[in-house]
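The letters A, B, C and D name the chains in turn, as written, and every chain counts its residues from 1.
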C-alpha cells in the first residue's frame, strides 16, 4: 500500500482492548496528550531492600542460623555445620535440598571456599554446586589460581557452558551469585517446549548471559531433558568445606 | 561437581510430574525400554487435506462464491465483484474485512494481478494488501518485472521487511501466500511483551522467515505498537483490479 | 522523564548509521515524506516458481529420475528403486543420504505410502523418516486410520513432538512436507547456544510450529545434544515401500 | 522410526566439527569417560571483583572524581557538580552523555535522590533517567512513598514497562541499578531484526526481566524503532538534584 492506515482511525480503534483505550488516538489533540501513555495500575508492590540483606519479599532460605528450610538429600536433618553465621559442608555427609519446590526464581547465594588449599587442586579444591530444580548445576569451586576445565570452573553451568569471565575471589573471601532462572517447559506429551535459561552475576559480574541449557547436568555424556515439575534447590556435598550464607529466593 | 547426578536416582525422580512418570528411569532395564518414550495422548485431530482445497478444519473465508464472511471496511456489504470463482477489487470502492476477529493464525490466500499493466508501474501496478489484525500489512503487488522499493514489493512486510527473494508470477497467473502469524502480546499496562512475528511462503518459497515486526504498518514514519486485541483480516482496495480466491484460515 | 527526546533532534541523530540516514527526521517536513521509509536495495533475487515444480533457486535433490545427489548410508550407490517418476525404498536395503551437507534449510519433500497395508499396522505400516542433519527425524508414516503413539505418527518429530493435527492422506496418494529447519548452534566449547527449531506444513497444514527440539532423535531414552556441523539429509529405510518424489532444498 | 540412530555410530560422527571431536562417541568405553565432556579452552579471562568497586575489566565511567568520560549533551564540559565522591545534577543545566558509544552492555550505576522533598511530588520529585544508546530510558525517580504512574516510577522503562516491584530506598540513601542491555538489531534495509531487551536489578531485586522494548522512549504517543548504531549512555537533567557515583560498564 502507499496510503497509510493512519487516515483510517475508525479502523484502528476497532478491536482495541478496553484496558488499552488510554492509547486510542481519538483526535489530533489526544495524540499530543502525554497522559494517554501513563499507566497507573497495577501499582507495583513495595519491597524493602536493606543493604546486604534479603529483600522484604524474598523467601529467606538461610539467614546464618536457621536451617529449617532444608533437609538432607536423603531426608532428615541437615548434616552440615552451622556456626559463625554460615553453614559449612561436612565432607562425607550428604547434600541438602530445600523442603520447598521452585520453578522460575531469582536466587541469591553467598559462598566461601576454604583457605586450606594445600594438596587440593582442580576439581578437588573447594568444590560444591548449586542445583536449580535439583538437576541443573551452577558450579561452585575455588577457581582462584586453580586451573581446571573451563566448563567446570566457578560460574560455569557444569559441563555445558563456561563462564564469560573468571570473577572468582580468593579462598576465605565471601563471594556471591545472583541468579535468574527460567525453568524448562514441557508439553503435555513430554516434549520440550522451551529449554531452561540462566543469567548469573558472579560478584556482580555477568558470567552467564541468558544461557540456554541443553538438559540436566551430566558428569558423563551429553545432557538431555526429561519432563519434570518444580523441584527443590539442592546444594552439593563434594568433599570440600564450602560455607554458605545469606541465601534467599524470589519466585518469578 | 564431578560425580554425576545419574548415580542419585532417588534425587532425580523427586519432583517429576505424574504425567511424566513414563520418563522416569526406574532401573537399568527400564532405561532400555523404547515404550518409555511413547506418548499416546492426546490423539491429534484428523484433518482432511484435499489437494487445492481448504483443510477440513479451516474457516473458509472465500470459496469462490460466498462473501458472507466479509464486510466493507465502512460496514455493510462487500463492494467488490464476485465472478468466475474469484472476487475482484472494484477501484474506488473500499477495502473489506472479515466479520470475525483473529489473533494467531495460519492463513492461505490466493491472488492474481491484472494483465492490463499498460501505463501502470511501481506501486501503481497491481496493488493491494493483506492486513493481519487490520494493522500489519503483507504487501500484494505485481512485482513481475516491475521495480519498486524492495520493502514495498510483493512478499514484503510493507515498509518494514523486504522479502528474501522475489517469487512473483506474471500478471494473470494465480499466486499463493501461506502465512503463519503470531499476534503481538501486550501486558496489562499496555507494554509490549512480544512483538508480532510472521512467516510467509510465496508460491511455496520462503520469503519471510519468522520476521519480527516493529509495529503497525505506516506509510509515513517509523512503525510503532499500541496495545490491541484480536482483530479482523483486512484486504486493501488500492485502485487495482486484484482478484482473490481460495482464502482460508486456521486459528493457532 | 516527562519531557520527550523528540525535542532533542540533534541527540537522536547522533550515532545513526549512515545507511539509516533515510530515517532521520531532519525536520517536520521530512517526517511527513513517505519516501523516507522506502528501501530500494538490495533488490531481492528473482526466483521462478512454476506450479508443482522446484523454485528456480532450489537445489533439486530428486526430480523423478536422477539420484546422483544421493548415496547409500554405507557409501556407494542408492539401493532404492527408481521408476515412474519416483524412488521407492527397497526393504532390507539401506537408508540414503545426500552427498551435500546442509544446515538451515527450506526443504520440500513429497512422499507416498504403499496401498498394500494388509497385515501392517502401527509403526509397521508405511514407515520411513526424513532426518535433518542426519540426526533429527521428521517421521514419515502411514497415519491414515492407523493408530500409533502420537509422538510417532506422520508429522511428528519422532518421540519429541506430536503434530498439531493429523493431516495424513490415504495410502497411494502423494503427500507433501514443506519444512523450515533451523540447525542447532553450539559454542566453541561445545555448549548449546540455541536448540534446533522446525516448522512443518503437512499437505499445506501447519503441524509443527517453530517446535524446539530437545536433542537428536532417540528410539530409547531422552534426546540430547552433542555439537556437530552441517550434515546430510537422510531418508530412512524401514521395511516399507515408501516412495519419494519432487525433493528440493533451499539453503537459508 | 523405531530403530535408533544410536546403532549407526558411523553416521553420527560424520559431519562433526573437528573441535567437537571430544564429544564423539567412538566406543562404549569412550561414552563412559567423563573427560570427553571437559572443555579446557578458551580459558575465561580473570577479572578482579573488589567489593563495592568496579570489576577490573570494566570501563570506569565515573569513580567519584573524574568526569572526563562525559560531555554535555550540547558538547563541551559536564555542567554538573562534582563533590564528595559524587556528581550531582545542576537543575537548569543540561544532561550529559559518554564520549564513548556502546551497544550491548552490562552497566552499573549508583544514584541518590535528594532529601529535600518538600513541595515536590510525582514526576517532580527526584527525577532523572539513564538512557541506553541515548534513546531508551530506564527511569530514575524518588519512588519512595511518592505515587506516580506505574510505568513512570523508578525501575520502569519509561512509559513502556512498569517495574515488577517497587524496590526503592528513601531519599538520601544510595541505590543501585545493575543492567544487562541488548541493543536492537536492524537489517541492512532498516527493518527491525530483534528488539532491544533489558534486565534490571534495582538494589539487587529483579525489576525488569528480559523486557522487550517497543521502541525508543516517548513522552507522548507510542514508541517506535528507527535504525541506529551504537550510541552514548545519557544521564538526564530533569530539574532535580540527583547524585550519581560508581558508574561502570562492560561491553558484552
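Assume contacts are C-beta pairs under 8 Å (C-beta built on N, C-alpha and C of every residue); 3 or more make two chains touch, one makes a residue touch a chain.
Predicted model only: the values in this text are computed from it and were never measured.
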Required minimum of steps from chain A to chain C, each step between chains that touch: 1
Selected pair, greater C-beta contact count between B-C and B-D: B-C
Duplicate of the A-C contact set - from A-B, B-D or C-D, the pair where over half of the pairs recur: B-D
Euclidean distance of C-alpha centroids - chain B vs chain D, Å: 35
Intercentroid distance (Cα basis), chain C paired with chain B, Å: 18
Two or more partner chains touched - positions in chain A: 2, 4, 23, 25, 34, 37, 39, 41-42, 150-152, 162, 189-191, 218-222, 226
Overall pattern in which the protein chains touch one another (line/ring/star/complete/other): complete
Chain D contact footprint on chain B (complex, rising order): 2, 4, 34, 150-151, 157, 160-162, 187, 189-195, 211-215, 221-226
For the chain B and chain C complex, residues of the former touching the latter: 23, 25, 31-34, 36-47, 49, 51, 55, 57, 106, 108, 147, 149-153, 155, 159, 162-169, 178, 180, 199, 201-206, 209-210, 218-222, 250, 252
For the chain C and chain D complex, residues of the former touching the latter: 1-6, 8, 11-12, 14-17, 19-20, 22-25, 37, 39, 41-42, 73, 97, 101, 123, 127-129, 131, 133-135, 137, 139, 152, 158, 186, 188-191, 216-220, 226-232, 234, 236, 238
